[in-house]
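Heads up, the next two complexes both have chain A, just with different partners, chain B and then chain C.
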Partner chain A sequence: MTAQALVIGIITGAAYGLVALGLVLVYKSSGVLNFAQGEFGTVAVYALWLGTTHGIPYVLAVLIALGVAAVFGFVTERVVVRPLADAPRVTVLVATAGVALLAVGLELWIGQAQIRPIAPALRRQDRLRILNVYISDQRLLIILTVVVVALVLRWVFTRTFLGLAVLAASEEPTGTRLMGVRVERLSSAVWVLAALLGGVAGVLTGPLSGFGPGFLTSSALVAGFTAAVIGGFTSLPGAFLGGVVVGVIQSLATSASWLADVPGPQTAALFVLLVVILLARPQGILGRAS
Partner chain B sequence: MTPRVAPLLALAAVVLVLPRLVFDSADFALLSLAVVYAIVGLSLNVLIGYAGTISLGHQAFVGIGAFTSAYVVTELRQPFIVGVLAAAALGGAQAMILGGLALRVTGLYFALVTLSYGVFAQDTLFGIKAITGGGAGRAAPTPTGDGNFVPYYYICLAFLGLVLWLDWRMMRSKTGRALTALRQDPRVAASLGIPVKAYLLLGFAVSGVFAGIAGALFAHGNGFVVSNDFSLQLGILFVLMTVVGGLRSRTGIVVSAALTAVVPLIIREIPGLESALARPERTVPVVVLVAGLVAVGVGVLRGGRAAQVVGVAMVALSAAVLSPLHVPGVEPQLEQLPALDPSMLRLIVLPALVVMTLRTAPGGLGQQLRPVVRWVCGGRFSLDAGPGDLREVVDARA
Partner chain C sequence: MRRPLLVLFALLFVLAACGQKAGVRDTQQVGASDGIGSSSETTAPAVDGEATVPTTAALPGGTVAPSPTGGGSSSGGTSAGGSSAGGAAPTTSTAAPVAGDRTGISDQVIKLGFHAPVTGAAPVPQESFRRAVMIYWNWINANGGVFGRKVEVTFKDDQFNPSSAVQACRALVEQDKVFILLGSAGADQITACAKYANSVGVPYLSPGVNESDLSSLPGYFAISETYRQQSPMLGQLAKKLSKAGKVAIVIEDTPTFQDSHASIVAAFRSQGLSIVYDKPISKDASQAEILTTSSALRGSGADVVYFLGPPVTFIPLAQQGQGQAYTPAYIGPGLSNGLNLVAQAGCPGIGNSRFLSPFPEMDAIDRLDPNYTKQYRAQTGQEPDDLGIAIWGVSKTIHQMLLAAGPNLTRQSFEKTLVSGKAFASNVYPALRYTAANHFGAASAHLLQADCGHQRFITAATFASSL
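So, the complex of A and B:
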């Protein structure tokens, strides 16, 4: 039973990890908690849905959807985040929450208040069977994606000029500018990248159990934030690890018999987990104490 | 300064008499909601504006008040006023517990705790069947009789008056000065001998009491409470309307919150707007056209080439759609757009206003209204309302 919960936890946690990676990316480079991260993904799923219902081939529709997410991220950075560069971080947080609400409003309008099904990229449902849990190809794809993305981002931030410049700009914007780096462009790049990640998360998880207005925000934003906190909020592999921890704890909470009478055991577990982590080890598992 | 009597009387007439003349009795449900939102805004203002912390889980504060009052009135068979008092007490108590956490988890991390708390309340706390009726919800009879919202509106107004008075007295007292000091710099405040933790907890308690009252009024105005009423979306909406109103400005917040609530009424009263929303295939190109013109204007003024290019493209496309020329592919798509519901419009307009507020007028609506308020309070009328307190959503503890 517990082992089964572990397997389920790991496969759901991978999706949280994907959202958490986007959150960590933005936080690492600008210190902003991005409440619109979930909506980057939801918008992409809506674009995918519109595309596929208009007869565009799936692969092309996915690319268009990711493009829509990237544009959304770019516009968010230019219109909302950049003008508030000198404002307190909580102000930017409120502004990104506003962006999220705007996206939900548009989704409600275009797609109405309905949960809709959408075809997954890979259809086979019973590829693997571990401890009586069937794992679909789509789930395997999510796990693969999150591992690859985490490793690639880690490489970018430790080995490439772009990543080092982003880190430098977050530490010392003026100094970085004096070194000849265009800090504004870096900010654009980071938000586009984060939006792309959000888009990937949306396009991959949307088909799992259907999507509605704001679905990724309600299903994965809190879990993603918790995962990021567990990981230390600056560590990219930590975000993935945190996602798995959150997924496992949620699935243990759902299957635990002593929690059977508690309504919404998953969210209760998330809240308790977040509070305990913040009280006991605010720097997370892989983060460094500041 | 002695307040000017005539404008105050005019204000009283607008709030007390005008709705009776303009609106049907059925509309008073929404007007009561406007008053409830105003109280919620004031409650959030205590946390964000005065105490300098943040709550993205305020829908939980309001929901706890709503379910408490509904339970007390329907299960314990107590009168309405007992329900409101119980809601205020429990609202204050739960806020203090959360405030205890805020003492240990500061800044952005506390924002995450409140976010998680709001979702946790909706799923878990409001799912406890014995108290909240589970997913089925709980009845909360309107004290003035079913569907009789006109007197209920005045009851809500009385509570708003009470909250405004308490807020005003608090900020005029030692507590208000202590909260101001600890928001601006907790360390300096502590070194001046202000017990920072105690006052922060007090701020949470006051905010919780206000939210509890608002929740009770919400429940009994609705006639029914279900956990789905208190979603994360609502919590974000509360924060946005408070910020647009202008932190630390009672007038601005009350106006902004009330307007947020009555958006459907406003849309109905503006001639042609309702039918325009029902035909988005004509309205959307017009909106795009205007937005494009604004983008071009801003681009020219600030020298942004990208804004100019995008703006010209938007103008050209929308003009082509609006003209007798046909744009293949676009018009049939526009025809398929569903009608725009007023409640969705709220979700679209308010974020745009927030971004505008944060970028250009951090003082919010309150800053704009300040000359008028000062004049009504007996000061000289001057458009220069002073710099105000421009530190908007400052988290002194971040």
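So, the complex of A and C:
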């Protein structure tokens, strides 16, 4: 059962990892905890749903959906984040929560409070069977995507001028400007990239069990934050690892018979783990102590 | 150390924010609630014994247009409990003052309060809900109302959250001054609001859910079978469906469902079935929890799964089960898992589902009450749906109760009428008869079966009391 929980944890935790990657990206570059990250994905899956129900080919609809997410991220940065550049980070945090609530309202307006089914990009359900758990092509695609994205982003932030400029702008914006870097453009680029990551999370996970208004916020944002903290809030590979840990813990808590009498054992177990991590290793598993 | 604290703060904030999303929060004038039906096959005979409360004489109904003057347009109602519309004669609006609490009652208006989980964890389309909620009462009001009084319904969204539900009910009572409160779905919300209503002396009616916590409330009345009452039939159904004799129980993790759990365990055991899986599932189950549960269900070998929880949990559970090559027969009590919306979102994973329901599906409603589709189309210009049947049936039942209580309506006289032994049969919801000691007065339910070929539920049996 423990081994099976590990398998389930990996395939479900990858989805949390995708959300966590977006959170870490924004936090790493601007120090902002982005509560709108889930809604970048939900808006994208709504766009995908609208596209496919209007006869647009799936691949084109996915591209349009990612474009919508990117525009949403760009507008959020220009209209909400940039005007608050000099405000306390908590103010920006609250502002992103406002963006999320606005997006949920928009989704309610578009699709009502209904669960909507949507076809996955890849439909085969039984590609792999590991420890009696079937793994679909869509799940494999999510795992592959989150691993590739984490590694690429890690390379960008450690090996490219763009990544270093983003980190520099985060630490010392004035000095970065004096070096000739246009910090505002970097900020826009980061938010667009984060929104794209959210969009990818939305179009990949939405088909797993249907979606409704605020679906990625309610189903994965808290888990994504937890994953980011566990992995180390500044570590991109750590975000993936944290997602897997969250998935494994939830799966273990569900199947553990000795927790059967505990109300909400999944949440309780996750909370205990979070406290332990914060006390024992505040920088997270892969994060570096400041 | 500031960062972790900030993150914790953030987590708490988002949890709070999640409970507030969505919203039909505004007070709206809409229509009210449930109806009734009774025993086994197609028509709904009244509960044995005394005559049912006005059917063709005073209720709107059957195939006949309601009398504008109330009082009695019967005509033709074809079956007991039939449908008639129209109010009783408006002669009593000038009746002498009566003792009792008349909050929400005037010579012109009867105000009803209604809360429902339009947003939150139930996939209820707002527009469909708003469209349907006033249809029955518009029809009645246009034909004289109830003893000359128009019925107004004030609706509030409870967001599928008990604390929000109490806030909504408090506002309905204190600000909108409604006569009675009506719940629609969501056991925790219904229980929370019923307790509040009881504390302030307001009668509260809802479709049947749990009995624990509600059986001790003198002002609470269930207008369909409770989950406990449905368990024997579900035990019989499981016996019929299970080839291996192995069944599983998955119930939402809330203390509210303890009596439901105990009753279904007893029902399965009495049928000689082996319970091979019995664990709760979170109200907002994560993907990991759902996948782990469906994997464990498959491993248990159960070919029938009793499910009691919201559609937002049921749909992904069935879908993930299908992904794990596991498609058992899902059965259960309840109100919302048999809606066509669930079939549209959950097929093909829910293909073997059968749920008991207080109201029939679209394939049976015209046979039981042809006025519903006529009025729906006439008033909205839209095609009717099953959510509208649920609301139409509730409204029809309440209408019967108001007529039975007579023109000199007070909260006390209303409750006294309900426990007087009279039967209320709407031919949509099961027939009801309450006593002073028993406020769970239904004895039958409809059986709905998934039809994934058409992404809908169909009515496999009407007013069934055994299967």
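In this section, the second predicted complex is superposed on the first by the 289 of 290 C-alpha atoms of A that agree within 3 Å, B and C clash if a C-alpha of one lies under 4 Å from a C-alpha of the other, contacts with A are read in each partner's own complex, and residues count from 1 in each chain.
Going forward, contacts are C-beta pairs under 8 Å (C-beta built on N, C-alpha and C of every residue); 3 or more make two chains touch, one makes a residue touch a chain.
None of the values given here were measured: they were computed from a predicted structure.
When both complexes are overlaid on chain A, chain B and chain C end up clashing with each other. Once the two complexes are overlaid on the shared chain, A:A97 sits against chain B and chain C alike.
Judged by the touch definition given at the top, the superposed model places A:I142 against neither chain B nor chain C.
Using the contact criterion defined above for the overlaid structures, shared-chain residue A:L84 touches chain B, although it does not reach chain C. Residue contacts after overlaying the shared chain place A:L278 against chain B and chain C alike. Contacts of A:L21 after superposition on the shared chain: neither chain B nor chain C is touched. Legend: residue contacts after superposition of the two complexes on their common chain; A:Q125 is shown touching chain C, with no touch to chain B. When the shared chain is aligned, chain B and chain C each come close enough to touch A:G264. Between chain B and chain C, C contacts the larger number of chain A residues.
Within the superposed three-chain model, A:V203 lies out of touch with both chain B and chain C [touch as defined at top]. Contacts of A:I110 after superposition on the shared chain: chain B is touched, whereas chain C is not.
Comparing which residues of chain A touch chain B with which touch chain C, the overlap comprises 33, 35, 89-90, 93-94, 97, 100-101, 104-105, 108, 112, 214, 217-218, 221-222, 225-226, 229, 263-264, 266-267, 278, 282. Contact residues on chain C toward chain A in their complex (touch as defined above): 1, 3-4, 6-8, 10-11, 13-15, 17-18, 20-23, 118-120, 122-128, 253, 279, 282, 284-293, 295-296, 299, 311-312, 315-316, 319-320, 322-325, 341, 344-347.
The touching residues of chain A, when paired with chain C in their complex, are 4-5, 8-9, 11-13, 15, 33, 35, 89-90, 93-94, 97, 100-101, 104-105, 108, 112-117, 125-126, 132-134, 136, 205, 208-210, 212-214, 217-223, 225-226, 229, 233, 246-248, 250-251, 253-255, 260, 263-264, 266-267, 278, 282. Chain B contributes residues 54, 56, 101, 104-105, 107-109, 111-113, 115-117, 119-120, 122-124, 127-129, 134, 231-233, 236-237, 239-240, 243, 306, 337-338, 340-341, 344-348, 350-352, 354-355, 358-359, 391-395, 398 to its touches with chain A in the complex.
Taken together, the chain A residues at the contact with chain B in this complex read 33, 35, 78-80, 83-84, 87-91, 93-95, 97-102, 104-106, 108-110, 112, 214, 217-218, 221-222, 225-226, 229, 262-268, 270-271, 274-275, 278-279, 282.
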